[in-house]
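Below, subunit A partners subunit B and then partners subunit C, in two separate complexes.
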Partner chain A sequence: MPIPIAPHSWHRNREGLGIWEGRGKVVATGVGTSPTARRWDEKPETSLGALTILAIRRAIEDAGISPDEIDGIVLTPESTTGVSNDPNSPAPEGWSDVFKMVDYPQAGITRGDIDWLLLNMPELKNVQFKMNGPVCMSVAFTTAAEAVSRGLTGTCLVVRGWHNLAGRYYVGQGAAARDTASGPGKYGGIWGMPACATTAMIFEEYCNKYGKNHDMMAPFVVEERRNGLMNPDGFFTQHRPEMITVDDYLSGRWIAKPANIYDNDLPIQAALAVIFTTPELAKHHKQKPVYILNHAQTRPELQGAIPTLAEWERSSDKMGRMLYEGAGIGPEDLSFENMYDGFTLFHQFHVEGLRFASRGEKRGYALDLYQTDISIEGPNPVSPSGGNNGNGRTRWWHHRDSILQIQGRSPSQITRPAEYGVSGAHMPNFCDALIWGASVE
Partner chain B sequence: MRKQSPVPTEFDQPFYDACNEERLVIQHCPACNRFQFPPRTMCPRCGASNLTWQQVSGRGRIQSRVVVYDSPVSALIPDQPFNVATIALEEEPDVIMLSHLPGVPVDAVPIGATVEVIFETTPATGQKVPEWRVVG
Partner chain C sequence: MAFLISFDIDGTLEFGDPPGGITVEMVRRAQDLGFLIGSCSDRFPSAQKALWEARDIKVDFVAAKHMLPDIRARFVALKYLHIGDRDLDQQLAEKAGFEFLWDHEGVAEPWLAWLDAHAAE
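== the complex of A and B ==
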């Protein structure tokens, strides 16, 4: 049976909804992270599926619970934004000696699959709630928050893994190598923009409007790498433990000017699992419960070939207002922000939509904020996780770190008390975000 | 530049046929009185499917630009680095089209300048696509 996604009625996508009905009913506890790799070496034991199983087992162990207690899974099936195998291509030789197979031959290789996980994790014998959170783990998190708050699952895994195959991620692959273009890509894709170029285009518009420039991004990008290098689970800590400097950033090669190589996150293999449960059930979990105070969604209005600055500002402003309304807090209550950063050049749209560390400014202030102390030791910790830029492309380091910060055990723990935080992904006009809190008071 | 040739479908044929006649025709939602591009089966704002095809003036304004140094599209790699600009249509500035701005040197894109549509023939099939030139 196909696995459903959240019904539209679960979305909190408009203002005026009041305090979230689920506020105080859902917490996060255990967190499990797999090792990282730059690319898959085609061995079953290092596959997306194997990493996902490892992350789940670590999350259960981290929470100090029994696998029997897991009665729900919400998973993001997409495991790349780049190149995948043909959906029907067979599993590599030796695969079926290690893993049981479902009908879908790429399950566990280039796509996450709940039924494949259950088949290969016999210890998860009480899962009755299964739902997909498509495209982004942020969707899986907000879906799981609704599912637990509605009593559909008591102890729920939230899961996403990433694969990265050999070869260049996009360049000259598949459709990009042909002399004709079909599908939705034909309307804009034939102009040859790399993935970061939409963001770079709107960043350029932002700089023109507010009198900013690309060099002003350097302190943010450098600080993110510093934060990422504190994380023993991050890709750069594990494989390239080198700090970058402002000069490195300013001399980085252009991909789509004004986006350079450091504005692009590095595709990797990795998996994360997090345990969502109720405050009551969390009482016997080993880790401090972190409350989900609200969640919200924005989706594109899709009027042009790419969005405009105006749409990104409208949409991220709305996200800020919706999140605070449902959580019952304001921007001044945030101890940190962990909004998405892959690409670095759109992080400031999220920051400004939330009015994070605003001193009355509405728009055009974030790059000035980057010139102040945005470190984990300072008064306004910006992206303390280090994000994709500091850890590799997953779209979940920032969520993971929000939980760890409030539990007081982040590897890049902020100095000020971590009471409330926010994380969300991915685009400023296509985002699922959550407010996390140490309590519901 | 050697763009890929877009392959029309039954659904977006009116747009591509008009391009071959050197007319810019895009969708309009009567309920919202709103234009949109690319073509879609429904209006993303109100969900209406009774969208009409309407010819627009073919004038616009350069809104922003990037310079592409690392394109995924194989056919365009020999032309790197090249401009891509966003064109906001005169009728409705939130409707954005893309342009290589033929003839404009890299790093010399005049933001805010007025442009008008021209049509470029793509080599693989001869299908024409909209392009833009600076007029002031």
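== the complex of A and C ==
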């Protein structure tokens, strides 16, 4: 039986909904992170599936609970935005010696699969609730938050693994792999735009409108790498412990000017699992519970083939308003922001939509903010996780770090008290985000 | 006057990610024979420098890959060669007036023959 996704009504995607009904009913406790790799070496023990199992076991251990207590899983099945195998490709030789297989031959290889996990994790014997959070782990988080708050699961794993096969990301796949282009791809894909091109165009518009320039991104990129290199689980700490300098950043090759190579995140292989539960059940968990105060969603309302600056600003503004309305807090309450940075050049849209560290400004201030102290030691910690750019491409480092920050155990712990934080992904007009809190007070 | 060799790193040098076929020993041999050597890679320049230092090699240059024209302008050489593993390496090398070798072609160290050819001239 296919694994369902959350009903549309679960997603908080409009204003006027008031305080979230689940506020105070859901907390995060344990966190488990797998090792990282640049690419899969095609061994079963380093596969997406193996990393996911490891992350889940680590999360359960981190929470200090028994696997018996897990009664729900929400998983993001998509495990790349890059190169993937044909869904019907057989598993590599030796795979079945290590893992049991479900009907879907790429389960655990190029796709996450709850049934595959349960088949290969006999210790998870009480899972009753199964749901997919498609596309992005942010959706898995918001789905799990709703599921717990509605009493559909008491102790729920939220899971996402990423694979990265050999070969070049985005090359030879999708429209680029075919002789002809169809669907929406015929309007943009055939011109060979790299993935960051839309972001670059809108960033250019942003700079023109507010009198900013690409060089002003440098302090943010440097700070993100610094934060990422504090994370022992991050790709760069584990494999390339190299600090970037302002000169390095400014010398980067243009991919789609004004987006350079260091504005693009590096695809990696990794998995994360997080335990969501109720405050009552969390009482015996080892880690401090982190409350989910609200979640919200935006989706594109395109007026053309690609979004515009106005649309990104409108959409991220709406996200800020929805999040604060449902959480019952305001931008001044945030101790940090951990919004998505998978292209660094759109991070400021999230920052400004949230009015994070605003001194009354609404738009066009974030790149000026980057010139101030945005470090973890400073008054306005921007992306303390280091994000994708500081840790490798997962779209979940920022969520993970938000939990760890509020628990007081982030490897890049902010100096100011971490009371409330926000994380969300991915694009400014296609985003699922959560407000996290140390309490519901 | 020397010959100049620029190495891409990832997919080309043995310490790249993924590793390539060009060994540190080959690089060292070229340097000992008087070649100007360095790297032009998408790794950022300070990281390239650190990678070479970790292998106790004092390179003549490090630069971002698209800065090959600057390297050509900085150094006077009899020949300029870039070795890499991607179409982009070839494209940027040829645009900058470098000869180009694929990583697997470089494994045979064809540049060593340049010395003999030059000596015979």
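Rule of thumb we're sticking to: the second predicted complex is superposed on the first by the 433 of 441 C-alpha atoms of A that agree within 3 Å, B and C clash if a C-alpha of one lies under 4 Å from a C-alpha of the other, contacts with A are read in each partner's own complex, and residues count from 1 in each chain.
Methods note: a contact is a pair of C-beta atoms (placed from the backbone, for glycine too) under 8 Å apart; a residue touches a chain by one contact, two chains touch by 3 or more.
These figures come from a predicted structure and were not determined experimentally.
Undergrad: Clash or fit: what happens to subunit B and subunit C when subunit A is overlaid?
TA: fit
Undergrad: Figure out whether A:38 sits in contact with subunit B (first) or subunit C (second), or with both, or with neither.
TA: In the superposed model, A:38 contacts subunit C only, not subunit B.
Undergrad: Mind working out whether A:248 is in touch with subunit B, subunit C, both or neither, as first, second, both or neither?
TA: second
Undergrad: Tell me which partner A:240 touches in the superposition: subunit B (first), subunit C (second), both or neither.
TA: A:240 sits against subunit C, while subunit B stays out of touch.
Undergrad: Who touches more of subunit A, subunit B or subunit C?
TA: Comparing subunit B with subunit C, the partner touching more subunit A residues is B.
Undergrad: Touching A:46, do we find subunit B (first), subunit C (second), both, or neither?
TA: In the superposed model, A:46 contacts neither subunit B nor subunit C.
Undergrad: Quick check: superposed on A, how many Å separate the nearest Cα atoms of subunit B and subunit C?
TA: 8 Å.
Undergrad: Going by the contact definition given at the top, which residues of subunit A touch subunit B in one complex and subunit C in the other?
TA: 253-254
Undergrad: Applying the document's contact rule, which stretches of subunit A touch subunit C when the two form their complex?
TA: 38-39, 166, 168, 239-240, 242-245, 247-249, 251-254, 261-262
Undergrad: Given the complex with subunit A, which residues does subunit B contribute to the contact?
TA: Touch residues, subunit B against subunit A: 3-7, 9, 34-40, 44-45, 63-77, 81-82, 84, 86, 88, 92-100, 107, 111, 122-125, 129.
Undergrad: For subunit C, which residues are in contact with subunit A within the complex?
TA: It is residues 17-18, 42-47, 50, 63-67, 86 of subunit C that touch subunit A.
Undergrad: Inside the complex, what are the residues of subunit A that reach subunit B?
TA: Those residues of subunit A that touch subunit B are 170-173, 176-182, 184, 186-195, 197, 200-202, 204-205, 208, 253-259, 300-311.
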